[in-house]
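Common to both upcoming complexes is subunit A, partnered first by subunit B, then by subunit C.
Let's look at the complex of A and B:
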């Protein structure tokens, strides 16, 4: 029983990692009023740029840095389209997704050509903690980007709830007119959150290509960025509940793999439906809680006369 | 004498002109190829792309042209592309995936002068009165069986992991063959099979490989383009890998023991000959070990060759305790 729990929990934590980076970035962006559906495209660009850098230099930290920079550039692009040009956010996000998908595929075809593997971040045992029974094995024998993803949750919670910056972000997303009249720059805050979201999406991609999978393939993320956006709604724009949502989704996925590996006789079609069934049931159960998205979400800011 | 020379010269000129005229009038054979992933997926689509390149090399670029569309995973998009290619007059449109069958049966009757091909399947829709669809089908179970026998010989734990996409077609046949091959050597083998529900979810394939290795498997195999994620894990954790579709040894030279290479050209060449003779479809081409449509590529260069080279060059020293 112990081995089962450890196996499933370890899988779930690995699977949750890219979602956490992308979802927290998206949460912060949406709290300031910007819906970005292009997460998957930015993740792909982050994944490719990190992979390519590591393939050429062998330097993992440089790879991560390049992914962050590429994510930031995409964040700037998204912010320019949505904040400065005030485009329709849902549609422009899909545009950014397709752009990222296409550009990463093109660069991969021309610069790499074929699927290759790299040596990515390997698991790092944390002294003392890794010796703890069960928990040590589950939590403290992971790679550095897994630790980073989980450290991000309290950090994001603290910034959003305990700092003036967090207050400004939420004010801009909830009531931009009031925030504006108090001298908070809507444009500056939204640029900040969207660029930060881009950087985190870049790391999410890198966590796949140079830490968890150590390969790059066209459309490597396979739609993960869209699940990350769904997790933001699932988590009701709170880092802690986003974490719960990501863990729930990845745990059910880990269980369905485990059930199949151990030959428990359930049709594979059914086990594959499990993560989605659980997600729908939980969403339906939560619908009663009547959680409202940030009031200004998806609305470009126009200063009144 | 002069007259004779004139005749010879005129004959030569006319032969030259005629052959030139014929050369120019002989249209190249034009093929359009649609695939669900990309030409460099190290699996399903790449193997067909390589077959078309082989044929182009053999027939010459002036006699054989092909175009392709990648990432046609959405069947509706693929159907539109199939229709476009057919109306542009390609002699053969290859829809490389078992998901495209319904679209083909819908489109083919509108283009009686175009041939269509798809697979893996044994369905050419002659029951619907359609005469211009070919099908191709590798007997993947044969390749799976060979891989299974090798796997059984090499496994220490006698536990094996299969990471398949969706429990159907090629993937299912390969898996059944792999299991039978192992059981022929070690009837008590433990073979764990996972279907990840996707041809492209690299992350889930990788996690399935982790779970298999945690469950004691030291030999893994699988089909479709998502398996690159599993090969990455095999490489990292030192498990052996058996490949399918193309030679996958370049991804992990120390871990990939053998791959089943599907040689689609074995189906395409006779298909092209039939089309040239005016037959547009109705035939199923089977690929197997007997006709060379399936080849087992053993990674002897990396595994055995490197070891021999290491000993010869002195990089590997084999010590004997006295």
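Let's look at the complex of A and C:
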């Protein structure tokens, strides 16, 4: 029994990785007032580009870098549509998702064709800590992208709350007119947060294709990017609570996989539905809490002229 | 510490600012038409003019928010190119806007630090900022807690934060766009003390206000705008209240409205022991009893924040009352939804007009018919009657003198005062049986104020409307009301008849002293 729980916990930590990268990026973007629903599409592009690079070169770090660059390019595109062209953010996000989904599938079928595996980032035991009983096994025998995802939480918290940049980001999402009147460039801040979000989505995708699953197939993410957006609401735009949400979902995922692998007799459709049911239940429960999204979320900024 | 202080107080960057031949065209309006304007070190230069005359526009140009189409700006004799507020800030120019520019979820210190480089580079230095805020507060008498969140502060405190924000950036010319519109008389007095001592230290101020006594008491010079042009610019010693009003509107303005006596009708609005919570979940109303007869204006006097806002909201159905009953024309309407109250003949002019009373993205016309768009004459069955809508909105625009290029203009490009006139036009034209008017003339120019006052009296006299008038302006309360109820900490301290009370007595009651016994209505 203990081994089962440790196994599930360990895999929950692993599986939280893509959620964390994607939702922290989305959190920062939303705090500055930009809603990006295209996360899943960018994740797919990141996942494919990292996978393909590794498949061809065998260089994992190069694969990660390419995913970041592709994520950044998508971020630029999203920022251009939402910030410069001031498009309706919900709709344009869906567009970006479909584009990312379609393009990654197309590239996969023309450039790779069949499902193949690569050897991804392997676990890295942290000296001393990995020898701790139980915790050592759960937390400290993971690969580098998992460690990176967890390191991102305090980093994001620090940037948002302790730096002038973070202050500007929060102000731009709450009252862009006020920020503008003090000389904070709304356009610069929003481009920055959205491109950063794109890069993190790219990493989120890469973490699936070259660190956790080590494969690519069409629609590899299976809607994870949308859950990442939901986690931002769940976490009330705070990195620490986003972490709790991510862990909740990855635990559900881990249990679901364990059930499947061990052939326990529950219809697989049901286990696949679990994360989404949890999403809906949690968000419905959340609606009661008095937490407001950033006041300028989803509102393009125009100086009154 | 000494050195720091002197650094703050001995600013004299702006010796002279001159704007020459400023022209600014908006779609359909020439907002500024060849305006010359200047300010010198150590003076208060007031801009006066009707709603929509172009005051805010001119000042937004000086602060780099708008760009003039033509004309030059000189700071200390040098041509200045103001592309954004940042350029203006660098030259020592700061502006407090007509609508506050604060981030409500952030603290005072965070609002001040926003957009400034930190002394620790990539790390926020909020402790340093807080210290400097405290110094500035001490020097200028602008007391406020740097750690408080903006949403927790009163309007007066928020304004202090706005001023601190620009002083912190080293501004020595302060542009104050209607800073007193939302303040209580006491807060205005405090603000003026602060401003006078700043002037003595060599700061300069551009002041905008519609309240002529304030203009006379604070200014050194005054420039009057009408339709985007300068009509007069002269030292304050050469003007009187009447003269200023005449220059502004081009005719005589009566500062007193007639107040004919009327036969009182039945009780139209009655409150019995009303309790309600404020936004902070503490009781804001604690057992309010009131009766207003048809054909009567009942004024609510009180220091703002004593439950006036909650009282208006409870009656309008926007806030739940936890105890007690509300009656309109004898029917109990406690906690009815607003739509049902509207149908029942209740109209209300909300205090937060930018937020509650209008839809910014809609046109003037759409905003004008907003509450009655489901009924004749604006609708026939399920169709809109555009002919009637056009006719009625044209009539309201001209009756209420709403300055707008057309009825199709979107609301957000109207000047502050004209947005208010629009709401008044809509609410008063509904011929309500019961009217709640919260700060009905806040931000209005003298002639619009006069017009609204006459309308309120006319509705009372001719249509027998029962009006609840909430205002911070005691003169307004005294000149319009038939009876005056004083509110203090959510309770009515007493109800007195018009002409049977002095400002002094009202003042005492507003401070919490009970005068007329138990506050019952037996004063008639």
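The rule is short, and it goes like this: the second predicted complex is superposed on the first by the 267 of 305 C-alpha atoms of A that agree within 3 Å, B and C clash if a C-alpha of one lies under 4 Å from a C-alpha of the other, contacts with A are read in each partner's own complex, and residues count from 1 in each chain.
Note that in this section a residue touches a chain if its C-beta (ideal position, glycine included) is under 8 Å from a C-beta of that chain, and two chains touch if they have at least 3 such contacts.
Since the model is a prediction, treat every value here as computed from it, not as a measurement.
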| item | value |
| --- | --- |
| Of subunit B and subunit C, the chain that contacts the larger number of subunit A residues | B |
| Touch list for subunit C against partner subunit A, complex | 63, 65-67, 84-86, 89, 95, 97, 101-106, 110-111, 113-118, 122-124, 165, 412-413 |
| Of all residues in subunit B, those that touch subunit A in their complex | 37-38, 40-42, 70-71, 161, 167, 192-198, 200-204, 206-208, 210-212, 214-215, 225, 228-229, 231-232, 235-236, 250-252 |
| Interface residues, subunit A side, partner subunit B - complex | 7, 10-11, 14-15, 18, 105, 108-109, 113-117, 122, 208, 212-215, 217-222, 224, 253-254, 257-258, 260-263, 268-269, 272 |
| Residues of subunit A defined as touching subunit C within the complex | 161-168, 170-171, 174-175, 177-184, 295, 303-305 |
